[in-house]
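The following pair of complexes shares a single chain, subunit A, combined with subunit B in the former and subunit C in the latter.
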Partner chain A sequence: MSHRELDDMLGKGWRKPPMVTSPLLRWGLILGGVAYLIAAVLTIEVDWSRVYEGLDRGWQFILSFTRPDFVTRAGDIWEGLLESIVMTVAASVVGILISIPIGLGAARNIAPMPVYLICRGIVAVSRALQEIIVAILLVAIFGFGPLAGFLTLSFATIGFLSKLLAEDIESMDRVQAEAIRASGARWMQWINYGVQPQVMPRLVGLSMYRIDINFRESAILGLVGAGGIGATLNTAFDRYEYDTAAAILILIIGIVMALEYLSGIVRAKVQ
Partner chain B sequence: MPVSENSGVKVWHRRTRQESLVRWFGWLLGVAVFVVCWQRISEATTWFFVWDAPRIAGDIWTRATPPRWEYIAQLGRPIWDTLNIATLGTIIALCMAVPVAFLAASNTTPSRYFIRPVALLIIVSTRSINSLIWALLLIAIIGPGVFAGVIAIAIRSIGFCAKLLYEAIEEIDRAQVEAITATGASRWQVMSYGIVPQIMPAFAGIAVFRWDINIRESTVLGLVGAGGIGLQLSSSLNVLAWPQVSLILLVILVAVLISEWVSAKVRGAII
Partner chain C sequence: MLRLNKLTKTYKTGDQALKAIDLEIPEGQVMALIGPSGAGKSTMIRCINRLVEPTEGEVWLAGTELTHLGASALRQARREMGMIFQEYALVERLTVMENVLSGRLGYVGFWRSFLRRYPQSDVDEAFRLLDRVGLLHMADKRADELSGGQRQRVGIARALIQNPKLLLVDEPTASLDPKTSRQIMRLICELCRERGLAAIINIHDVALAQMFVQRVVGLRFGAIEFDGAPDNLTPDVLTTIYGEEDWEATIEKVEGEEDIEAAE
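This part shows the complex of A and B:
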C-alpha cells in the first residue's frame, strides 16, 4: 500500500475548528483588521530620536524605584495623600448612601415605571461621563479644592453602585420577598426584611470595591485641580524629581494593595 | 436566641446586648471618621465660591450653548487618533497580558514560589496606577504625542487583562487538559489544544471589554498631552472657548455610547 492510498483511506487530518465559522466573515474580519492596523500604525507619528533620548530618562526612573525619596517632600506627600484619603472616605460614604435609594428605584421588579426611568437616566448619565471630565466641570463651577473632587467621586460612585445594585435586586429570589409581603409588611418592612438580606453581601462587596476605585481615581483628580495626591505627583514629574514620584507611586500601590486585601477579608466574611 | 422580659412579656431581639453595643460603637466610629473627613474638606473649600456656584453654572451653560457645530471639521483627526490609541493600546496590552496571565495562574505557572509573585506584582502595580499617571510619566520620558498615549493605555491594561485572564485559566476544566496530556502531547501542545480553546471565549470577552474602557480613557489622555481628542478639549478649556468644549464633550459622549454598544454586541455574539 503506497503512502498516497493510505492518505486517501484515512481522509483529511483533523484540524482545529476556526472561531468564526463563516469563511467570508472570517476573512473579511482578518483583512479589515490588517488594513486598519496598517492605517493606524502609519498615521502615528513617532519621533524615534526623541524616544531614544528618553530611554535614558526612563531607565533613570526605573532606577529611582530602588531608592524612592520619601523625605524631601514628605510634607507635600503627606498632605496630598491625606487629602486623597479624606476625599475617598467622604465620597464613598455619601455615594453609597445616595446610590442605595437610586439602586432600589432602578430595579424594575420593585419600582414603578416613572421612578425606574428617572433612576435609570441618572445611572446612565453618571456612567457615560468620565470622572476627569466631571472634575473639570465641577472645578470650573465650585473652584479648586477637594470639594470638587469629593463631588466627582460621589457622582461616579452613584452610577457604578446603583447599576450593579439594581441588577442584583432584579435577579433576587422573589419567593422570600413575597413571603414577607404576605405577612402584611409595609413597604419599608418589605425592603428591610425581604430584599435587603438578599442583596447585602453583594452590596458590601461592591462598596469595598468602589472604595478601592475611588482611591485610585482620587490620585488623578489633582491633575485638574480637584485636590488629592495627583497635584503633588504632577509637580514631581514636572520637576523631573523621579525619586519623589517613585515614592508617591509606591505609596499609591501599597494603599491599593492594602485596600484590596482588606476588601478580600470583608467579602469573605459577609458571604 | 436573645429574649428579654419586659413586665412579664417575652420580647424577641435580633442581637444580644453585647452584639448591639459593638455594632453601635462601630457605627459611632464610622460616623466620627466621616465627620472628621468632611470637616477637612470643608476647611479647604472657599464657601463663597460654592454659594456662587448656581450662578456660575448658569453662566457656563449660557456660554456653552449652542455648541459650535462647524468646529467638528477639526475633530476628525483627533477622533481617529483616539481610536488608534485605544485599539493599538489594547492589542499591545493583550500581547503582554497573555504570558503574564499564564505565569500568574496557579495551574500553569512554572514556579509557584518564584515566578508567580513576580507576575502578580506586575498585575497589581500596572492595575493600581491610572492611565493618566502612566501618560504623565511617559510624556516625561518619551515626549508628548500619540505614541505616549498608546503605551500608557497598554501598560495600564496589562494588569486588568492579565488578572481576568488568569482567573479564567484557573477555572478551566482539568479533565480536558489531562486528556490531551494522556495522548503524549508536549507542554506547548497541551497549552494550545487543552487550555487555549477553553479560555478563548473569556479572552475575546476581556479584549472587547477592555477596548471599551480604553476608548473612554483615551478620550481624556490628551489633557496631559498624550494625543487624541483630549488635546482639543484642554486647548479649548484653556482659552475658555465653551461652545467648542460643549461640542467636544458631546462627541466624547457619542463615542463612549458607540463603543459601549459595539462591545455589548460583540460580547453578546461570543457568549
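This part shows the complex of A and C:
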C-alpha cells in the first residue's frame, strides 16, 4: 500500500506547498498588490521641467566633492566636529548604561509581568518619538546647543538598545541559564553568569552600531539647532558654500567608516 | 534523606505530568529513574529543586520541606542539590574554570563572583575536581572548545563543587557515544560512592542503568510502575513501563564490557 504510494511519487517533481492554499485568494492577493503598486506610482506627480533645472544644481553639488574646502571654515568645522563627538560619546555612554537595566526588564523570560510592562512602555515611548521631534522639544526647553542634542541621543539610544537587547535575551539558551539557577545563585549572579555571557557579543555589537548611528544623527540634529557638526553643515548650505558642505560630509563619511572598521575589530574580539 | 510526599504537577494545559508521587531515597543511594519520553522524569527532578514549581505535595530534603520555601531559603536549599544536565548546559562563552566555579554561586556574594575573586578554598576544590574528572589541563579553555564527554565532566565538577547532599542527574548520557556514556555513568557513580551522595539519575538506556545503580524506579504517565533492584527488571516489567516490545536484547548484559574497561 505505502509501497505503491512511494512508487507513484518517485520521478515526480516536488514543489513547496504555497503559503496561501486557495488559488483564488492567492491570485487575488497578487493581482491586488500589483494593481495597488501601479496606482500608487501614478499618483506621484513629477514636474519634468523642474527636474531639468534641478539637474544642474545637483551637478554643482556633486562637483563640489571634487574640490572640498577644508580650509576656509576650518575653525567652524573643527568646533562642530568636536561638539558632535562629545555629544555622541556622552549620549552613547549614558544611553547604553540606562538601556541595560531596561533591556533586562523588557525581556519576558527573566522579568516579572509588571516590570516587563513598564520597561516595554518606556521602550515604546522612546521609539515612537522620532529624534527630530524630541530634539525640537528639547531645544525649546534647554535652548540651542549640544545639551539638547545630547539628551535627544541618549533618549533615542534607550529605545533602540533596550528593545534589541531584550529580544536577544528572550532568544537565549534557557538551559544554560537554568543550570546557573540550579546552583542557588542569587538574581544578579544568575544574570552575570547565565545571561550576560550569552548576550555580550550582541550587546557590544549593538552598542558600537548605536555609537555609529548617534554620530550620524548628531549631524542631522544640528539642523534643528541641537548643536554639533549639523549646525555647521546647515550654515554651509544656507550660504551655498557647497565646497565647505562637501568637506564636512567627507569628514562624516570618513568617521563613520572608521567606526565601522573599529566595530568589526571589537566584535571579533568578544565573539 | 529525600522524601517525596504525594508530589503532583499539573501543567496549565491540564496535562498531569506527575500523579501524587511517593518516594523515599536513603543517604548514599544511587537510583535510576527510567520510563518513556513524556513520563515525567525530567519534571520530577525539576520539581525537587523547583526549577519547575510542583502543584501539590511535599519534598523533604534532610528535614527541610522545600515546596513552601521563600526565594532566599530556596537558594540555600538549592546549594544542597547538584544538578547535571542532558546537553551539559555549560555556559559556552565562559571558561571551564568559571563554569566549575559557578557551582559556588550559592555560597559567595555577588561582587566576589562578579570580580571572579573566589575564596582560595573554592579555587583549590575546583582544581581538585577538574583533576579528578581528568580535565585539569583544560581549566582555561572555553567550554565550547570541549568535546561532549569532556563537557559532561565539567558539568559533573560544577555539580559536585556545590558540596551537595543529593545529585539530580537529567539524562547524562543521552548525547554521548556508548563508550563515553559508560565512562560518565561510572564516574558519577564512583563519585557518589566516594562522597556518600544520593543521586537520582534520569536515564533512557536501561542496560546502562542496570550496570551501575542499586535501585531502579520506572515511571509511566506520571506514576511509579516499578521500584526495585536492577536485577528484577524483567521483560514483563519493561512492558508495563514502556509498552509491548521485545526486551531480551535490552536487558542482556552487554558483552565485552570488561574489554572496554581494560582498554581505558
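Here, the second predicted complex is superposed on the first by the 217 of 271 C-alpha atoms of A that agree within 3 Å, B and C clash if a C-alpha of one lies under 4 Å from a C-alpha of the other, contacts with A are read in each partner's own complex, and residues count from 1 in each chain.
Operating definition for what follows: a contact is a pair of C-beta atoms (placed from the backbone, for glycine too) under 8 Å apart; a residue touches a chain by one contact, two chains touch by 3 or more.
Here the structure is a predicted model, which means the values were calculated and not measured.
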Query = After superposition on the shared chain, which partner residues are touched by A:V51: those of subunit B (first), subunit C (second), both, or neither?
reply = first
Key: Dominant toucher of subunit A (residue count), subunit B or subunit C   = B
Key: Touching partner for A:N109 - first (subunit B), second (subunit C), both, neither   = neither
Ask   = When the two structures are overlaid on chain A, which partner does A:G145 contact: first (subunit B), second (subunit C), both, or neither?
value = first
Query = Between subunit B (first) and subunit C (second), which, if any, makes contact with A:Q176: first, second, both or neither?
reply = second
Message = Between subunit B and subunit C, whom does A:Q189 touch in the aligned arrangement: first, second, both, or neither?
response = second
Key: Contacts of A:T72 with subunit B and subunit C, given as first, second, both or neither   = neither
Message = In the overlaid three-chain picture, which partner chain does A:S22 touch, first (subunit B) or second (subunit C), both, or neither?
response = neither
Remark   = Given the complex, residues on subunit B that touch subunit A span 30, 33-34, 37-38, 40-42, 44-46, 49-50, 53, 56-57, 60, 80-81, 83-84, 87-88, 91, 124-125, 128-130, 132-133, 136-137, 140-143, 145-147, 150, 193, 197, 200, 204, 216-217, 219-220, 223-224, 233, 237, 249, 252-253, 256-257
Query = Once bound in the complex, which stretches of subunit C touch subunit A?
reply = 49, 51, 75-79, 81, 83, 85, 87, 89-94, 98, 102-107, 110, 113-114, 155, 158, 162, 168
Message = Per the contact definition, I'd like the list of subunit A residues that touch subunit B in the complex.
response = 16, 19, 36-37, 40-41, 43-47, 50-51, 54-55, 57-58, 61, 82-83, 86-87, 89-90, 93, 128-130, 132-133, 136-137, 140-143, 145-147, 150, 216-217, 219-220, 223-224, 227, 230, 233-234, 237, 240, 245, 249, 252-253, 256-257, 260
Interfacial residue positions of subunit A with respect to subunit C in the complex = 175-176, 178-186, 188-190, 192-194, 197-198, 200-201
